[in-house]
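Some structures to go through are shown next.
You will see two complexes here that share chain A, one where it goes with chain B and one where it goes with chain C.
So, the complex of A and B:
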């Protein structure tokens, strides 16, 4: 059991990276007026087929059943926390289409773990795979921001390509 | 938590993990499965990367693995060197993590009290 939701997020984010994702988008919304906390982890990894999906949702899913697939207790733990805190848990996945995990909770629920150190989670994911784009979309009341670990990098190659394209057309080396 | 702090952390992560490229002397493998994370692997990794950065050690690459079957000994890290020698450290805490960086990664000395199992070298000297 995790004492911080940011550890659940790290756990599932690690699954995403293990599934070969190049983009992991983490969304955290604290909606105080509606007393809701929403956590979503969406990736573009290899995804899971229906059977695997059924397996990971089964409460006794085990890592031993299929070590090569991202099966384990991680999803079951988040689901349990979410359901315990009057929330809902949903997972969508298809081979080649990536995986999306959404967990909601009642923000004020007495059993709801704190978010904890979300920064450390993002840091760890960035450190594990620095080629992947780890994104955090965070909103809480008036505070709102988007973070992308590839922010600078994404723009650069695009700009380089344009420059090269124009350069080639003009017949000069970029 | 704010965006500026995250951006700084990202730069730190990229600077530290830039170390990974190429043929390094040591490879540090963190066990970051569910049980590892629950036992504190995230904090161990943060502490080790911080210590590696502080000491300016460049001959290290960082990797992660999932569950390795040592659930009750987590957090677990494994250090491999180019010769294939593997040392596993179990029940690592943040202080131990920093010590492992100072002793093993910097001076090349296995931290006895923390390593589990036998290393090839230890068997040879017996």
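So, the complex of A and C:
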């Protein structure tokens, strides 16, 4: 458990980059009417085979090199927080297919940590791998926010107003 | 960094009204850290310490093992599930439980001469 969920997200995002992901898509949805918070981190990294995933879930196993003990806490801490806050936790992963980590929580649960500084988390992930596309998709009610660290990177430096519409954003990420 | 003051655990068991949950139990303690936030314990605990918490989740064992904590003392009468105790035994970590609150238990440990991080008073 961290005192800010953005630190959990940073931890999980770091896992994605460590797994060689070139795209890390972070989704945060605050659904007030249903009193739910959804956090998802999806990557196109190397993924986990069945045994690794089983050991990670059952024993907090880690494959990080140079550890005195093969224990990892990134996924375990997010799982604990989400289950403590009446939510569910799920990992979908397969070799070559990438990994998706989904954690939900009851938004109004008294022990739910605040989201905290999501900007700092995104910034840190971008700094760790400047070539990866780190994306944030945030939604709270009608409020929406999208960020992609590669958006516009391969575009001409000066863009006009018209080319910055939604379609253009998708086009330049490709 | 000060050399930690080592305190014997056995004489403290009665004052804490502690029940030993694991098979193993260390002779001595190097200090004490108290927190219910696991990331905070990862940042501050030191080897050989006793850690007081109300959290009984299995992640407590993982955190204690990573930090070479000697003993976890669950306060307010809390007890983890049997699987968690078995995992602690495998790791060579000792688990105790006390009916005292965290504050009361901390007072007993302080009276016995145990100190905090780097032996700080």
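Note that in this section the second predicted complex is superposed on the first by the 141 of 174 C-alpha atoms of A that agree within 3 Å, B and C clash if a C-alpha of one lies under 4 Å from a C-alpha of the other, contacts with A are read in each partner's own complex, and residues count from 1 in each chain.
Simple rule for what comes next: a residue touches a chain if its C-beta (ideal position, glycine included) is under 8 Å from a C-beta of that chain, and two chains touch if they have at least 3 such contacts.
Model, not experiment: these values are computed from the prediction.
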Which superposed partner A:130 touches (first chain B, second chain C, both, neither): first
Touching partner for A:106 - first (chain B), second (chain C), both, neither: neither
Chain B versus chain C as contact partner of A:138, first or second or both or neither: first
Touching partner for A:7 - first (chain B), second (chain C), both, neither: both
Superposed model, chain A: greater residue contact from chain B or chain C: B
Touching partner for A:73 - first (chain B), second (chain C), both, neither: both
Which superposed partner A:122 touches (first chain B, second chain C, both, neither): first
Residues of chain A at both interfaces, chain B in one complex, chain C in the other: 1-2, 7, 73, 77
Chain C-facing residues of chain A, complex: 1-3, 7, 60, 69, 71, 73, 76-77, 80, 84
Chain C residues touching chain A - in the complex, by the definition given at the top: 37-40, 42, 57-59, 62-63, 65-66
Sites on chain A touched by chain B in the complex: 1-2, 7, 10-11, 14, 18, 63, 67, 72-74, 77, 117-124, 126-128, 130, 136, 138, 145, 147, 149
For the chain B and chain A complex, residues of the former touching the latter: 1-3, 5-7, 9-10, 12-14, 16-18, 20, 32-34, 37-38, 42-43, 45-46, 49, 62, 64, 66-67
